[in-house]
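What follows is a pair of complexes built around subunit A, which joins subunit B in one and subunit C in the other.
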Partner chain A sequence: MSLKVNNLSIAYKGIEAVRGVSFDVKEGDITVIIGANGVGKSSILKGIMGIEKPTGGEVLYKGNNILKQPANKRSSTGIALCPEGRQLFHKMTVQENLEMGAYARKDNQINKDLEEIYKKFPRLSERRNQKSETLSGGEQELVAIARSLMAKPDLLILDEPSWGLAPIMIDQVVSIIEDINKEGTTILLIEQNANIALKMADYAYVLDVDGFVLEGTGEELLKDKKVQEIYLGA
Partner chain B sequence: MNKKRIILTLIILFSFVIPFLDIGSYNLHLVSYSLIWVILAQGLNVIQGFTGYVSIAQAGFFGIGAYSSAILSLNLGISVWLTIPLAIVISGIFGILIGYPALRTQGHYFAIVTMSFTMIIWVFMMSSVKFTGGEEGIPNIPSPSSVFGIDFSLKENYYYLILISVLITILFIYRLMQSRVGRAFITIRENEQLAQAVGISLLKYKMLSFTISAMLGGFAGALYVHYTHFVNPTPFTVDYSLNAILAVILGGSGTIIGPIIGAFIMIFLPEYLRIAEEYRLIIYAVMLILIVFYMPKGITNLIKIAYNKVLSKVARKSETKK
Partner chain C sequence: MDIFFQLLLNGVVIGSYYILIALGLSIIFGVLDIPHFAHGSVAMFSGYIAYIVVSSYNANIFVAIIISIIFATIIGVILEIVAYRPVANAPPINSFIIALALMMVIDNVATVIFGSNQVSIKSSSNQVFNFGSVTLSEQRLYLLLTTFILVTGLYIFMKYSKTGKAIRAVSQNKEAAQIVGINTNRISSIVFGLGSAMAGAAGAFMGILFALYPAMGGHTVMKGFAVLILGGLGSFPGTIIGGLLIGITENFGVALLSSSYKDLFAFVILIIVLVFKPSGLFGNRGL
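Then we have the complex of A and B:
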């Protein structure tokens, strides 16, 4: 088990945004959480990453409760976050953004990995000295994903990577995520776009205001009537 | 860039011959005072421009540095060459003490906390007469002792002490901003949550940034006090903190050249407007509003744009000739 979340609750000024959710992320899997706006998807991530302080529950990563560690230690334990909305260091160049992804690393393979990343994302190689704010939306998402890969994570958490992207870019991002997974990185994906997400998923959870209402393999959920009705518009 | 190097060398050489030019003691004084402000503004720029926290504490640190060096050298008879570094250390300690609570806040709240600090320091300077001389201040502050026969009580010679301090400061900031630490500052300015996600300890780096900024403020204060030989609380009010912020913004915050240009403007502009004494402050205010309005990224950016325009024009001309 890579990540195990037990009974996690998060409240903002007394109002509960996440009510005791539990889920598992298996080593080597693509695990997906889908759900509509405002059901607490991003809050769960913030809780795992230590950005919000949970009001209850525990988050076990490789058996250790990571909630006790400060947020900035996540990166060195092997968890990387690719936050929603393509958050980048906008005034920095593409290359600087990627280098920042490896900030917590202490090995000397960073330059080698950087070249690997450029091989994988030739578009970014062309733009390496450009300020990241001058890139298109799709390219920015690539930078965000590439930056989180620079941390060499065992577990990569992606928050709505398809957000605001053109369909053709979404396909590219999906195939990138699948490649990353094939190379051995465990993935936790949070998405609103259920169609894309469930196709990728080894295992998936459907989140509602009251917590998880459904779970199963990606295929099972794609066939599920309720999911089709609510999330796939069929 | 070779061109940049040549320009830089010329500016440094020029700054070394300024005392030999016949500009008069008043102008030389203004240049010296501006240079002291360059250190102050460079310090503020670390927290404000590079880390993204606008601090109104800089005049407070300026004052702490000034009074520390003055009292240590005058009352305890310690050599000025030692009291200046001591003043930097003391300012740094205050930086840590103030930074620890202040940096838990953000935005306006951070500004208010740091402003309160400057007010407290000022009240302390005014009221603890036994220690600071109160409003009347401390006179007869010694100059640094002569080294190799150079008498630092002469303003022309003291100018070089200030100039070298400025050059060291700028070199330090330049190296700092190219280091891992400098990178961390900028990421905090750009996106705190993301900085945390890539493994940067926010409190640690914000504290470091604020402390460096305090130390440079104190350095400027110490240089100032052995230059004027007199200190009272007047130049350490919140007004001067705001002027320092303005210097950083006018010049171009988050750049190294910005605070240099900004400091010179903040010192020279009000002095030269004395010709129109009665309207001085009005003209000054209007100019500041115009600058902030039309050059939000500071004068450094304007120079950059102009430079690029000239370059592209020259390039176009040589192309049409072909």
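Then we have the complex of A and C:
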């Protein structure tokens, strides 16, 4: 098991946004969480990354409860987050953004990995000295994904990477995520776009305000009546 | 004509002092959103430390400047950890009030310890350089050189070092900075240390070139904020141009009009600029 979340709760100023959720991410899988806006998907990720302090529960990564470590140690344990809304360092160049992704690394392979990334994302290579705020939305999403890859994660968490992208760009992002997974990185993908996410999923969970209401393989959920009604607009 | 160049040079000297003060305020505000009103008081207090080191222990002024810088750095880091960090996630008004309170406390403590009379730091050597009839004292030259070195050093540090990049990252997107593994508390301390170090240098030079008195903390920080806003919040070149502009205007204003309006000139030019360019000369945030 890569990640095991047990009974995680998160509250903002006493108001619970996440109520005791539990789920597993299996090593090597693409695990998907779908759910409508505001049900607490991003909050779960903030809890995992240590940006919000959970009010209860535990997060086991490779068997260790990572909530006990300070937040800034998260990325050196092998977890990287590609956050909702990209969250780039907007006044920094593309290259500086990518370098920041490797901030927690201590090895000397960073420059080599940077060139690998540029090979994988030729669009970013051309724009490496451009400030990230001058890029298009799709290019910015690529920078965000590339930045999280620069941490060399074993587990990559992506929060709504398809958000705000043109359909052709969504296809590209989907194939990038599938490639990353094939190269051995475990993926936890958060999406509102259930249609594309469930097609990629080895295993998926459906979150609503009461917590997880459904789970199963991607195929099972795609066939599920309730999922079709609510999330696939069938 | 010579009097023109003399005034200009004097303006650049006092402008350097403002630049040293404003750069610290700028990175502290730019990264942490704290209006650090006690910044001038840190400069003042450190200047007194330099004064004591020279007057009581006969130290060389360079030693005194370095001790002042070290003292200011330590005070800055302590203020960040003890006073500002506890309210880091509270509404901005809290750090605003704390900043004002710290300014008053430090200024009052200085009055109790050092008295309210002006003191100045005596240098052992007093060489004067002449360029035609324009003169520049040895000490003023040292201030210009120190400012040049600190400004250039800070610029290179912020642009190229790993920690400098991390500081910019925190100023641009704190959450993303945490996600990539930056310890934002550590960055806060470093920012306060760096900014205060510049204030320490400024305070020592204030004592060497002019005079130290407890109330200068408040006067200095107001000028510093004027420079910051004039240049455009968070703009490095803006802070430098703004500091020079205010220093030069002040010197010409005093010479042409009256020294009783000395502190007015800075704010008149500030208001004029803001009328035409509300975001300041180089307005558009981003370290």
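Brief remarks follow.
In this section, the second predicted complex is superposed on the first by the 234 of 234 C-alpha atoms of A that agree within 3 Å, B and C clash if a C-alpha of one lies under 4 Å from a C-alpha of the other, contacts with A are read in each partner's own complex, and residues count from 1 in each chain.
Operating definition for what follows: a contact is a pair of C-beta atoms (placed from the backbone, for glycine too) under 8 Å apart; a residue touches a chain by one contact, two chains touch by 3 or more.
Just so it is clear, the model here is predicted, and its values are computed rather than measured.
When the two complexes are overlaid on their common chain A, residue A:83 makes contact with subunit B and with subunit C alike. Of the two partner chains placed by superposition, subunit B and subunit C are both touched by A:92.
Contact with both subunit B and subunit C is seen for A:103 once the two complexes are overlaid on the shared chain.
Using the contact criterion defined above for the overlaid structures, shared-chain residue A:16 touches neither subunit B nor subunit C, since it reaches no partner. With both structures placed on the common chain, the touch criterion links A:73 to subunit B and to subunit C. Once the two complexes are laid over each other on the shared chain, residue contacts for A:51 go to subunit B and to subunit C alike.
With the contact threshold set out at the top, residues 49-51, 70-76, 80-81, 83, 87-92, 96, 99-101, 103-104, 147, 151 of subunit A are in contact with subunit B in one structure and with subunit C in the other.
Within the complex, the subunit A residues that touch subunit B are 49-51, 70-76, 80-81, 83, 87-92, 96, 99-101, 103-104, 147, 151. Contact residues on subunit B toward subunit A in their complex (touch as defined above): 180, 183-184, 186-187, 190-191, 193-194, 196-202. Those residues of subunit C lying in contact with subunit A across their complex are 162, 165-166, 168-169, 172-173, 175-184, 286-287. By the touch criterion given at the top, residues 49-51, 70-76, 80-81, 83, 87-92, 96, 99-101, 103-104, 147, 151 of subunit A touch subunit C in their complex.
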